[in-house]
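Shared between the two complexes below is subunit A, which pairs with subunit B and subunit C, respectively.
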Partner chain A sequence: MTAITVTTREGVEHELRPQDGISVMEAIRESGIDELLALCGGCCSCATCHVFVDRDPVGQLPPMSADEDDLLESSSSRTDRSRLSCQLPVSAALDGLRITIAPED
Partner chain B sequence: MDASDAQQHFDVIIVGAGHGGAQAAAALRQRGFAGTIAMIGEEPELPYERPPLSKEYLARDKPFERLLIRQPAFWTEKNVTMRLGERVEAVDPGARAIVLADGTPLGYGQLVWATGGHARRMTCDGADLVGLHSVRSRADVDRIMAELPSVTKVVVIGGGYIGLEAAAVLSKLGKAVTVLEAQDRVLARVAGPALSQFIEAEHRAHGVDVRLGVVVDCVLGEAHVTGVRLAGGEELAADLVIVGIGIVPAVQPLLAAGAEGVNGVAVDAECRTSLQDIFAIGDCALHANAYADDLPIRLESVQNATDMATTVAKVITGAAEPYDAVPWFWSNQYDIRLQTIGISAGHDAEVVRGDPATRSFSIVYLKQGRVVALDCLNATRDYVQGKALVVARATIAPEQLADHATPLKEMLAA
Partner chain C sequence: MATVPEEVPPSMSRARAPQPANVPDDRVFEIDMYQLDGIEEGYHEAWKRVQQPGTPELIWTPFTGGHWIATNGQTVREIYGDPERFSSEVIFLPKEAGELYDMVPTRMDPPEHTPYRKALDKGLSLGQIRQVEEKVREVAVELIDGFAAAGQCEFSSEYAHIFPVRVFMALADLPMDDAEVLGRFAKMMTRPEGNTPEEMAANLDAGNKGLIDYVDPIIRARRGGSGDDLITVMVNAEINGELISHDKAQGLIALLLLAGLDTVVNFLGFMMLHLARNPELVAELRGDKIKLMRSAEEMFRRFPVVSEARMVAKDQEYKGVNLKHGDMILLPTALHGLDEAENPDPWKIDLQRRGMSHTTFGGGPHRCAGMHLARMEVICTLEEWFNRIPEFGLAPGAKPVFHSGIVAAVDNIPLVWPVGGRPS
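Up next is the complex of A and B:
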């Protein structure tokens, strides 16, 4: 099973082992971490599931779409490690991924 | 012994288990609220995302479990008492109590009314036939999905977002779909003519028969729908009829208790109703919206429900801030992603940015020369950058806005 480490805004680390096929946003929400609004439910229409990718061991995250790029531009805390977690499907390619939840805008 | 002695009491009772109710409870706990919380939901389901009902859920692209706003364990961990499948019949602000449909009274310290609305029903003959459906709840869509295998012809009454989203899904599923709209264009209530024309053409290109300016006389059928008769006598055959003609805010118990409001319950900038310690949020809350010239409006959106819920959580936890969030909306139909920022109602001019033929363009709505809203169609950049223009009510020349080569963010400083 894919292992993903999520660090919350308060700095608490959570080890997630989500099923394949759901998004990282859904995995975070299912784990009980209550920091993502994820308002649009994952259809890439807002930027409320913003995370920072701390470590991408396999280097196989899907490329960022223009829409995701544009939505991230709306966040004041964007960095070159920013992604929308709804756009990252869980698969073996994400094993060992470490992410931090971005500050609320 | 007085009956009230035995009455169960919660510090906060949230009526409604949709986006607003869920966020109110979650935000209260996030903000450290330690009192007791109960949530009362009319549907049997835990809080779930409603927008996918007319999109991914109907299309069977997402199972119900993926629509849950929080996992079941979350509500237990956060000590939120769920009373699902229950309806509030009456509110007694003097006794600080509500009464459930079965007569059970519950006492509250503060009440958050987050009931949204019920799908508006047809009043014509045949409106209660089997095979006629709203698209408001999971149960509605489950009934539609159960009937679909034996359905070939669908009539959708109402050319608003819900009807058009359902039409898009059902035509992709191979059904012959007709959309009936009483106005002379689709989306007449929420968008300008340019968007209406584009969306209408998209549906026609996918084989949907869009009938504008038509009035439904009655729904035909003995026990099950067989069709729809238009005023004028034309009959359209149908095995399934979808009614998407808006919602009626579910505020009757509050109004009966004396709360101010018509077409919703009136709230102030902190989402307080005129009744002591009773808040209202989301689709049912009639509020003066800064993005509608401070006119009292209701907004039917996830954004509004969620942001108002946060406003109330802040008030209850002693950190009140007035509600002034920028409205935003989205709709997905076929491969079209429509994103809206601001409120276009009352605009007096619209400027098209980009060529609709490219299937990526935006419409900027102006009121007295100021930008009030944008509809962005496969144009997320304009949606993101247009927000600042809406917030600033920027005055920008229409010719400049129409210059698609210049990003909107460069227009604000100018």
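Up next is the complex of A and C:
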């Protein structure tokens, strides 16, 4: 199974082993980490599942859509490592992915 | 304060446009977006009648000046997302009315649109909206406290029509006394009155002019100001390195007013009507704070209220028909959120729904800039309502009244609940 390491805002690391096909946002939510609000449930319309990608194991994260880019643009904590985790589907290619949950806007 | 313009009653005879040469006979359906067949049963139910197995993805109606209608979620989303083929040059129907409407930047296409949109986003970003959450919550609490002890309210007039307006007036720092006349102008623009495209255009134009005249002195007063209210931020925005022009600032503020005054009003009405009829859903939401917060999106999917249009930007073949430059296509967002192909079992509010799909906030470059505010208004309403009125229902014999248009409406939602420890 794909292994993803998630660091919370408090700096606690969680190793997740989500099933393929769900989004990284869903994987975080289902693991019980409630600080990722993910209010819109994956519609790419709320920017509350913002994460920083610390290490992208294969450099193959899906490209960013205009909607995702616009939403991230409105976040005061955006960096060049910012992504919305609802837009990242889990697959074997993401094995070893490390992400940190972004501060609340 | 300006006088509130009188209403024009609808008549039964609606003007019809002749069928243009590029419209095949099998695409012609008699659909009047302002008087949908079956509207008495409900707005979403009435639109859903149009979406039958075998209905072509693009159909044409002779009403409202003659226009195409996208009939499924995939088509609505695709047209919203492709401004090069489907322009925002005109977005309201009838087209005669839409051509008069001069909100900024809703009638612009990229790249002209982009800097205005960035100014809007700056004022309405998630971070900005979080900062006003307490103000929004106070407005909700004050309204609900006003009738909670009575055991009843007419939700449409006592909450839905007041809450978003007060929120907006507070964010824009405008006097509460002006809310009624602004609400009337907004209605003239989203459900214009009259029986011909020309009459409707005149009504919409009067509403538009009313808004513009209202905002004109406010813009002049707040130019160069240092306040942090929404209007001051917008009228001092830079567009391509220069201060926004007076005309464009007028259009931008008028848009903010319109968008803030009529959409959330009606969405809230549809949502609370459904909750009043589904106590088990209320119980599920009441018991789980995070579930309640995440339910807002499913509510948006289930109760879309907007039907605006796009103008065909160039002659093209699309969905099996030849579209002509200037043809109008109505995008009923109800036919996206309630499309089985996009959302299985679409009538059900499913708090566990995965892969939800909707265009309740539109899509593409013009996707609703106020969506973070709308989401927060819905969450605050539900939280504060359940804190004070944990159980409620629709009054016996209640007959909600539905209206269709650019923004759908529902009136007459009498709610009742037990008070003082007495069972209902």
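Everything that follows uses one rule, which is that the second predicted complex is superposed on the first by the 105 of 105 C-alpha atoms of A that agree within 3 Å, B and C clash if a C-alpha of one lies under 4 Å from a C-alpha of the other, contacts with A are read in each partner's own complex, and residues count from 1 in each chain.
Rule of thumb we're sticking to: contacts are C-beta pairs under 8 Å (C-beta built on N, C-alpha and C of every residue); 3 or more make two chains touch, one makes a residue touch a chain.
Since we're looking at a predicted model, the values are computed, not measured.
Engineer: Thinking of the overlay built on chain A, is A:I101 touched by subunit B (first), by subunit C (second), by both, or by neither?
Structural biologist: The answer is neither, since A:I101 touches no partner chain.
Engineer: Is A:E30 contacted by the first partner subunit B, the second partner subunit C, both or neither?
Structural biologist: first
Engineer: Applying the document's definition of touch, where does A:L84 land relative to subunit B and subunit C: first, second, both, or neither?
Structural biologist: neither
Engineer: Give one of first, second, both or neither to describe whether A:L16 is in contact with subunit B, with subunit C, with both, or with none.
Structural biologist: In the superposition, A:L16 contacts neither subunit B nor subunit C.
Engineer: One more residue to check, A:S76. First (subunit B), second (subunit C), both or neither?
Structural biologist: Touch status of A:S76: second partner only.
Engineer: Which subunit A residues are contacted by subunit C in one complex and by subunit B in the other?
Structural biologist: 26, 34, 37, 39-41, 43, 45-46, 66-67, 70, 73-74.
Engineer: Of all residues in subunit B, which touch subunit A in the complex?
Structural biologist: Going through subunit B, the ones touching subunit A are 23, 26, 29-30, 49, 51-52, 55, 66-67, 70-71, 73-74, 77-78, 302-303, 306, 328, 330, 332, 337, 339, 380-381, 383-385, 387.
Engineer: Spell out the part of subunit C that touches subunit A in their complex, as residue ranges.
Structural biologist: 121, 125-127, 130, 290, 293-294, 296-298, 353-358, 361, 363, 365, 367, 371-372, 375
Engineer: So in the complex, which bits of subunit A are touching subunit C?
Structural biologist: By the definition above, subunit A touches subunit C via 26, 34, 37-43, 45-48, 66-67, 70, 73-76, 104-105.
Engineer: Hey, which residues of subunit A end up touching subunit B in the complex?
Structural biologist: Residues of subunit A touching subunit B: 22, 26, 29-30, 32, 34, 37, 39-41, 43-46, 66-67, 70-71, 73-74.
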